[in-house]
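Next come the structures, one after another.
Two complexes are shown next, each including subunit A; its partner changes from subunit B in the first to subunit C in the second.
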Partner chain A sequence: MTTIPFNHKMGAHCESGTVTSLVNHAGLDLTEPMVFGIASGIFFGYFHKHRSFTFPTFIVRNRPGDMRKNIQKRLGVKFNTFSFSREEEGMKKLDELLLQGIPVATQVDFYYLDYVPSWERAHVNVHFMVVIGKEEDDYIISDSYFPKPERLKEESLRRGRFAGGNMAPKGFLFYTARVPEQPDLRRPILKGIEKACFNMLSLPVPFIGIKGIRLFAKRVVDWPTFARDTEHLSHEVMKINILLEDQGTGGAGFRYMYATFLQQASSLLHNPKLKELSQQLMTIGDGWREISLFAARIGKNRELGPEKLKELSTLIMDRADVEEKFFKELKKSIK
Partner chain B sequence: MSNEPSDELKREIKELIMSTLNIADINPEEVDDDEPLFGGNNALTLDSVDGIEIIMALQRKYGIRLNDQNLARQIIQSINSIAEFIVKEKASS
Partner chain C sequence: MKEKEGFVDCPEQQMILYVEKENGQFGPMQTGSYITKNYIDDYFDKRKNLEQSLHEQIKKGEISPVKFFMVWEDLTERELAARTNIPLRKVRKHLLPHYFNNLSADILQRYAIVFNVSVKQLQQADATTKALNEESAKP
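And now, the complex of A and B:
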């Protein structure tokens, strides 16, 4: 078997990067921020106590899988998807698709990717990448986090695809079956923005959207009660930086990527207000980056007393206020 | 106009990094232009927190945005890669 000619591109985030690569390969010219925006990727959720997490945490994007599903629904793209209970079947199906010249997106546990430096590896069950070929015992991987296609041992891919635990991949794979020819992006963009505004402003759940950011601000001062010791607390506070900046967010918890989407949407919809909002969101993103840095600094220096956590809380509350204003304006701008 | 970063720019970047990170015990001359700033044999051995500080300092001083962390990681690899990026950004603006 050889490698499918595939235009490998780096992306900011694994799921939006993977979906973008697949639809681009199928002939649909979309940027990653456009995919992210149409799919209403921007989000906020705070989990103070949750059965899946041992420590309070937050998310800054919609649920894994939602980007693919929303792109399918709003753009008329058709992805075929498969999950497997038996490893052999999952590997066989992948090989069959590759033999047909079809690039295949797979969900894996990031930890098993040989090409990732060992110090960067962590068990994350929802990493997406595209398998574009097989040469001897190696699969050829287009992973949007890396500058060039990488090689991955068959055994490592198998272990990654069939890792256990929370959100286990179960061999999940998907590929593009159909893309529309020259779709009109205007309606999908508006739908994407509408849903993002709904998620951030109106979901009747106290831990989602702006309410979630406010809850995060209020409860972060209680984090020491969950920590075993200072070392543990410091690790968790520093994770704020990782969640906002370092997990394929495109920076500032996806705010920069969404700002780029709004800029592109402004041109396509001839709506100058969206461009103005894009610039506003860039500045809002700078504030999230300040939070990242603040959290990383106090974590690193073990300055985790009540005053510092209160300061962190104030910074987060300020983001809730500016994002509330921003999303209200965004909602109005597309009426 | 040359697209090669000047020695002056490289020195300026080194000074910016050192003032941002409060590094007083190293001379800019000791910092190798090509050696990785993170985990290499450079006089400056930095960590990921320092990385964000550098990104924000570059944004403030030169008005360049390094929003995408994957790209940012490549650009802040060494003094040379930062200098090349600044020259490229200035040329395209």
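And now, the complex of A and C:
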């Protein structure tokens, strides 16, 4: 078996990058920010206690899998999807599709990807990437977090695809079956924005959206009670930087990528207000970036007393206030 | 963020950052990880100290190698139970040395797969190999 000719591109995020690469390969010219925006990717959720997390944490994108589903629903793209209870069956199906020359997206546990540097690896069951070939015992992977296609041993891919635990991948595969020719993006863009505003402003859940950012701000001062020691607390506080910047967000917890989407949407919809809002969101993103850098700095210096955590809390609370105003304006701008 | 402010020289960990270009358009730029570039030594120091502290607990007979790796890999008891397909109440027992020493080959293998180590490494709570690999791979 050889490698399918595939235009490998880096992406900010694994799911939006994977979906973008697949639809581009099928002939639909969309940017990653457009996929992210139409799919209502922007989000916030804070988890103070969760059975799968050892420490309080937060998310800045919608539920894994929703980007693919929303693109399918709103743009009329058809993805064929498969899950498997038996490993052999799942590996066989992947090989069959590759033999037919079809690039296949897979869901894996990030931890088993040999090409990922050790310090980046973590058990996260919702990493998406495209398998584009097989050469001897190695699969060829187009992973949007890496500058070039990588090789992955069959055993590692198998372990990643069939890892257990929270959101277990169950060998999940998908590929593009059909894309629309020159789709009208206007309605999908409006739908995407509308749902994003709903998620950020109106979901009746106390830890989601703007309410989630406020909860994060209030509870971050309690983080020392969860830590084994100062170094553990430092590690977790520094992870704020990783979650906002490094874990595939395009910077500032997806705020920069969403600003890019709004700028592109503004020209497509001939809506100058969206352009103004895109600029506003870029500035809001700079505030999140400030939080990232602050968290990294106090973590490194072990300045983790109540005063510094209070300062961190104030910075986060300020983001909640400006984002509430922003999303209300965004909602109005598409009425 | 302006494009010129986004550049970080860290070839070991590249990423895409969305920035404002000189012409006012927003778009992607390929750059490096700020935290890896500036703070990776701190991460490795913490990992070494954690390993040492967990080894001391093993020596004192306070924890088993399963607990060692569970903490090392940042997994909860529930998550470990789900990943190994071992009931939670049994996993809780396996965190103690007394129960760990009587585990069957099959159970040991299940843990070893989740922790991505050999059974021998698991039994010896040998994260050293992993730690050394991490250390040698650092930028």
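In the analysis below, the second predicted complex is superposed on the first by the 335 of 335 C-alpha atoms of A that agree within 3 Å, B and C clash if a C-alpha of one lies under 4 Å from a C-alpha of the other, contacts with A are read in each partner's own complex, and residues count from 1 in each chain.
In the analysis below, a contact is a pair of C-beta atoms (placed from the backbone, for glycine too) under 8 Å apart; a residue touches a chain by one contact, two chains touch by 3 or more.
Only a predicted model underlies this, so the values are computations on that prediction, with no experimental measurement involved.
**Q** Superposed on subunit A, are subunit B and subunit C clashing or fitting side by side?
**A** clash
**Q** Could you tell me if A:277 is touching subunit B, subunit C, both of them or neither one (first, second, both, neither)?
**A** Neither partner.
**Q** Contact-wise, after the overlay, does A:163 reach subunit B, subunit C, both or neither (first, second, both, neither)?
**A** second
**Q** With the two complexes superposed on chain A, say which partner A:145 touches: subunit B (first), subunit C (second), both, or neither.
**A** Once the two structures are laid over each other on A, A:145 reaches both partners.
**Q** Looking at the overlay, what does A:120 touch: subunit B (first), subunit C (second), both, or neither?
**A** second
**Q** Check whether A:38 is in contact with subunit B, with subunit C, with both or with neither, and answer first, second, both or neither.
**A** Neither subunit B nor subunit C is touched by A:38.
**Q** When the two structures are overlaid on chain A, which partner does A:246 contact: first (subunit B), second (subunit C), both, or neither?
**A** In the superposition, A:246 touches subunit B and subunit C alike.
**Q** Is A:111 touching the first partner subunit B, the second partner subunit C, both, or neither of them?
**A** It touches subunit C, and subunit B stays clear.
**Q** Of the two partner chains, subunit B (first) and subunit C (second), which one does A:51 touch, if any: first, second, both, or neither?
**A** Only subunit C; A:51 stays clear of subunit B.
**Q** Between subunit B and subunit C, which one contacts more residues of subunit A in the superposed model?
**A** Partner with more touched residues of subunit A: C.
**Q** Where does subunit C run into subunit B after the fit on chain A, at 25-33, 61-69, 79-87 or 115-123?
**A** 25-33
**Q** Could you give the residue numbers on subunit A that contact subunit B in one complex and subunit C in the other?
**A** 10-12, 145, 147, 238, 241, 245-246, 248, 250-252, 256-257, 260, 282, 285-286, 289, 292-293, 296, 300
**Q** Which residues of subunit C touch subunit A in the complex?
**A** Of all residues in subunit C, those touching subunit A are 1, 6, 12-20, 25-28, 30, 33-36, 38-40, 42-44, 46, 49-50, 73-76, 78-79, 82-85, 113-114, 116, 130, 133-134, 137-138.
**Q** Under the definition above, what is the set of subunit A residues touching subunit C in their complex?
**A** Result: residues 10-12, 32-33, 51-54, 111-112, 117-120, 122-123, 144-147, 159, 163-166, 168, 231-232, 234-235, 238, 241-242, 245-246, 248, 250-252, 256-257, 259-260, 263, 278, 282, 285-286, 289, 292-293, 296, 299-300 of subunit A touch subunit C.
**Q** Note which residues of subunit A are touching subunit B in the complex, please.
**A** So the residues of subunit A in touch with subunit B come to 10-12, 145, 147, 238, 241, 245-246, 248-252, 256-257, 260, 282, 285-286, 289-290, 292-293, 296-297, 300.
**Q** Would you pull the subunit B residues touching subunit A in the complex into a rising list?
**A** Contact set of subunit B toward subunit A: 47-49, 52-53, 55-56, 59, 65-72, 74.
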